[in-house]
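Just below sit the structures, each encoded as structure tokens.
Next come two complexes built around chain A: one with chain B, the other with chain C.
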Partner chain A sequence: MADTKSTKTNSPGVRRREFLATGAAALGVGITGFPAVLRAQAAPVKIGLIHPVSGFIAFSGSQCRAGAEMAIADINAAGGIKSMGGAMIEAMLADSQGKPDIGAAEVTKMTEAGVHGIVAGYSSAISLATSQEAAKTNTPHVVDVGVSDSIVTRGLANTFRFSPGYGKVAEMAVSNLDTINKTAGSPAKTAMIVHEESLFGTGTAELLSKQLPGIGIEVVDVIKHANPTRDFTNIALQIKSKQPDLIIPANYYNEYVLLARTLRQQKIEAMGIYSVLGGAASNLQFVNEFPEAAELIMDCNHWYDPKSDLALARRKAAEAKGLIYTYEIFLAYNAVAFLADAIERAGSTEPDAINAAMASSTWDQHGMPYGPTKIVNGQNESAQPVNTQVQKGAIEVIYPAEFASAETVFPMKM
Partner chain B sequence: MPDSAIIIPSVLNGLTTGGLYALVALGLTLIYGVLHIINFAHGALLMLGLYAVYFLNVQFGIDPYVALLIVPPAMFALGYALQRGIIGRASHGRDENILLVTLGLSIIIENLSLFFFRSDTRTVDTPYSFDVIEIFGAFLPYPKVVAFIGALVTAALLWLLMSRTDLGRAIRALAKERKGAQLVGINADHVFAMSFGLGIACLGVAACLLLPSYYVNPQVGGGFVLIAFTIVVLGGMGSFVGALIGGLIIGVVEALGGLFLGESLGQIGIFLIFILVLIFRPTGLFGAKA
Partner chain C sequence: MKTDTKLLMLIVVFGLIALAPLLITQESLLNIVIMTLYAALLGQAWNILGGYGGQVSFGHAAYFGTGAYTVAVLQVQFGINPWIGLAAGGLAAAAVGAFIGLCTFRYGLRGSYFALVTLAFAEVLRILSNSVDFTGAGVGLLIPLERSAANFQFLTKAGFFWVIWAMTLAAFLTVWKIGNSRFGAQLMAVRDNEDAARALGVNAFRVKMGAIMLSGFFSGLAGVFYAQYFLYLDPYIAYGAAISVESLLVPIIGGMGTLFGPLLGAAFLHGLSELSRAVIGDAPGISLVLYGVLLVIMVLFVPRGLAGLASHLRSGKRAVSQAEGGNDRA
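So, the complex of A and B:
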């Protein structure tokens, strides 16, 4: 954004406002005797933020909203969209309540209210619905967290995703697990997958079930559970009876807390707990509340580059606001910043221009372990998850090596 | 088919979970049995109780079980005030108004909680959070065993209160014949408010016993309220024994349903029971005696 030259629109309306403003300034000088510089305020750029801030995934939705609002505040504080005369970004907020149909209805309301771009919608199901609705008016739409691969394989020209989908995540989760296991002498031979029942958990579990046998790990069982599940003892008992070497959860935070707690109560000791897209090793709240239960748990999930000063500064800023720095915050932040960068380069709020700018994006001010954005069919192909592990109460990146802040400890128990 | 060795632990766990469900249902059945109020704010009030226990623990270091001395009385006062100040006044004696008032209350409470407490899921870490008691080879979490015993004690105390005290007699008299009770000098508004307060105090007990093994967020009540309604229908509306037995049955059905049908489908059993009871025994298992 910073390298783009500033331009100013010269529509008749603006000239009229400038005239009035100049007149007012002259009047102000005349009255107060102080010099004043007043300019026409460029029309704001409206970005819609649709997240589930109520309902069963309200925590994640609120975190997304907080991250997106932080990005907007930072961009505005830095001078707004400079190529559009310093236009400020104005957030339009909506609550999808965790329901795809409500998310889609909010898109309709926003497009009628003149939104220029949308960032949504945390869950895969909601993101599918909001992006499809936005496609009807070609409104630029960036998915912040939704991981379903079908989000970007429907050929929608308006739909982009900055972060990786579950295809890429599952591929890297399996590949990194293979490396971790082989480095330790291949002690892990079996795994059990415990996943939530929506698109994210089911899709991830299906991919892992197909790919794990390829690295010599037999999937002995796959257990699906509802949201919410109030008690995980049955699942823990089933894990206990099958004694897998690895337990692979793919679920939301509430259920993860209960599962992790129950595994400990039932005295289940596996070689590793290796979460995919969710888990203790990518959640500071869990690590803070249950440091002993979290120790040595591994995740393959979204995480920032621990060696990036930009990422560390953003984390500090978020924590200064009292926020827990979860992946929802930095992914939503970057989704907004990615869209804003495209608007900056487009110098316009025309949907085609913004979509074209996103499609050709090489943005790198994200603090993620990605490299510059490389968009193919709406997906940022540079995006990748990393492996993290809780070590001595801190979340450390253990893979890929170039971003690692600690060595892997595996197996956690023999 | 699940391993046969895990069926007994699963049933025992279902019983302890059922104890927790019964605790939530006891207040609901008291409120329905006396006031004929279907309290849609029950889940939201449970959530408030859980937050009270959470903040007492985090801010003042008060153990959730010690909070039993504070939270249930506070919840009683809240329930009394709600019935006397809002529900009783706004309903004008019409059942449909009561439904809407309690529904409105639940929406207000949940949204205020979302505003003040944010949507974070919060838990307390007590010295006994991970402790277990081994029975017949099953590791039963200590907090759930305590909750199970708590449900039995609470049901017994409620039964004693209803059968052996003047307040209990007044409550039963009002439930059976409102005008007759008023004619013999019973202050209906006060007794109604006492009943609602007692029902909400039960939620306070449930909150103290639930939080060591669960979590709290503004939506947490929703997961329990539907189960509690099912238990009340199964046990018989207004029956404490019914709520207790119904809770235990639902807990075991949920556990075995999860084991045999899969965790995602397992909860079907609960609602199948709900439908079957409504068809074949609409008064519930203990409804006739209530």
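So, the complex of A and C:
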């Protein structure tokens, strides 16, 4: 029957009544169905992702990109930006190669290509350059990982950071260490800081050096090392000679792994290895590959809320994709989701509207141990690090108590 | 090529480049032109010492970083206007050049020994800048964002274009002048055979000192420009090996000891970099691999650089036309 009708409709001798019926049906489809098509074709929202996916920090940059892309996929799967007719988010990808100047050049290209918001750039130096370049066109810019406090203290109206800066991290690291030490009867009296020589390591070391004496821990030495450093024997021997109660590393992944392994090889005994933003101490790859070196190491770092179903579901989804669930993934994910939430509330891709929406954000769908976002001068003041400890091959949150998944083991027995 | 022709070509080329802000409306494209001129300036600075003087340096980051840190420290620590810092940066870099020259040429260091010592000086400065407070140590220096021409921070890229265009033109005119001066002749004589030059009465030490200071001055200007363009410096950016490599790669690719070599090299390298990124897209690192492969091919098959290739093609054409002319006559 249908075939017959079809044949009739397609025949050159269409009768007037059939034509009118077909026309009416087409009009009906136009009225009811076409708006749906139009909605599906709402102009995409372009979000630029600038990360160092090549160069010496390529692993971290690639992790950031993976996390950001996961967020975009999830938002699009959930219907896109609903306040804009279900507009899909379109990722614009760029590689900063670990260089601030290339990162800034990519921002220029993206703004010309009509980007509506940017998430960048893993390292502090790159984030400083990209946010500054984006500020020239007031393009909304969210920093995913860069921890330098300078990023949000320059008065740039377009620059936001969802995660904590190293000022907050160092402050909490010291405060939590004080609590952990006092709970154990204050056995730790001295510390040595080993840090990489760029902005992140040096800045963190400076803050710790100032604050540790305030909690009764004397800093007996601060050792700076280059990136990359492939032999930590001399540094380990220096540590051995000073015999500090605590060893505090602040370095990137490769150097952290090598330092931790050398400490074990040299049988250096300390009451604790207490990292601050340790590149490996809160990294499942390190824990899986070098379980002996990682055991009982403590870290004050970015970590998800282990009691949040949302966070656990995201981890499961990431691991299902074969990703190692490092902090880069969930911070970049949340940076994109934070920006998307602002675009959703703004209902517009106008830079002023998005920036205003981010400035007034109270977003809580992040699965982080933060509470709702509270933005002050671009910084999410609710953001905080947590203390983690590697226990029996797993990364457990040990502090603050409300997020803890395990008891602290301190002093550690080597 | 005749001297007057070279000057005429220089004026025409820079005249054409000067049209860029008028013809290019996209800031990203103008940025490529700016970064190409910046690389040409770095390369020409190296070319004075390495190309014309034959003193191959692996440590030009020492001058670049000094210029960059001078303008940044003067602004951040002392509130001194960056336009004053521009001159101070160039002069401070020239002074570093004089110091390195005294420490090396005085004791007759040449060739690979000189190259290694320059590398060591750049590393020493990197470690020093990473250790002392007034450079911000490892944290680096962030120049406050106060966008105005009076503050050497322009609202558009066109302002930066004119500054780098003027700096690069000054460097190229200086090199053109060197090529036509007694100093230049002495410098090239020292490059070709230092002992023979000495025997002819050339004060090789004085000539090399002049070259290293001039070279340092222009590298320092490039450093000042970088600092004002990106407003952030740390020891790796300022004194890192990447700057030294870029400084020597540009004239080597373009043609060492030639006036236009650094411009050709800079255009080729930046063009290649942009092209490889555009062709390969966002596949991580592949564009760098392609870039590296093409560089290897260039160095293997065009060892005298692009300028050398151009003159080779010209002489080849001449030879062909002469041969054809000969046949006609026959």
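Structural remarks
The criterion applied here is as follows: the second predicted complex is superposed on the first by the 370 of 414 C-alpha atoms of A that agree within 3 Å, B and C clash if a C-alpha of one lies under 4 Å from a C-alpha of the other, contacts with A are read in each partner's own complex, and residues count from 1 in each chain.
Keep in mind that, in the parts below, a residue touches a chain if its C-beta (ideal position, glycine included) is under 8 Å from a C-beta of that chain, and two chains touch if they have at least 3 such contacts.
Owing to the predicted nature of the structure, the values given are computational and were not obtained by experimental measurement.
Once the complexes are laid over each other on chain A, chain B and chain C cannot both fit and instead clash. Legend: residue contacts after superposition of the two complexes on their common chain; A:Ala281 is shown touching neither chain B nor chain C. Look at A:Arg264: by the touch rule set out above, it reaches chain B but stays clear of chain C. Contact with neither chain B nor chain C is seen for A:Ala43 once the two complexes are overlaid on the shared chain.
Contacts of A:Gly201 after superposition on the shared chain: chain C is touched, whereas chain B is not.
When the shared chain is aligned, no partner comes close enough to touch A:Ala337: not chain B, not chain C. In the superposed pair of complexes, A:Ser54 makes contact with chain B and with chain C alike. Contacts of A:Asn234 after superposition on the shared chain: chain B is touched, whereas chain C is not.
Of the two partner chains placed around the shared chain by superposition, chain B and chain C are both touched by A:Lys224.
Once the two complexes are laid over each other on the shared chain, residue contacts for A:Tyr253 go to chain B alone; chain C is not touched. Comparing 93-101, 129-137, 183-191 or 255-263 from chain B against chain C in the aligned model shows that the clashing stretch is 93-101.
Residues common to the contacts of chain A with chain B and with chain C across the two structures: 53-54, 58, 61-62, 197, 224. Note for the complex: chain A touches chain C at residues 53-54, 58, 61-62, 93-95, 97, 99-101, 104-105, 108-109, 111-112, 125, 128-129, 132, 135-136, 148, 150, 154-156, 197-199, 201-203, 206, 224.
Looking at the complex, you find that chain B touches chain A at residues 2-3, 5-6, 9-10, 13, 17, 110-111, 114, 118-121, 123, 125, 129-130, 132, 139, 141, 213-215, 217-219, 222-224, 254-255, 258-259, 262-264, 266-267. Touching chain A in their complex are the following residues of chain C: 26-28, 31-32, 35, 130-131, 137-140, 142, 144-145, 147, 155, 157, 226, 229-232, 234-237, 242, 277, 282, 284-285, 287-288. Of all residues in chain A, those touching chain B in their complex are 53-56, 58-59, 61-62, 197, 223-226, 228-231, 233-235, 237-238, 240-242, 253-254, 257-258, 261-262, 264-267, 285, 289-290, 293, 324.
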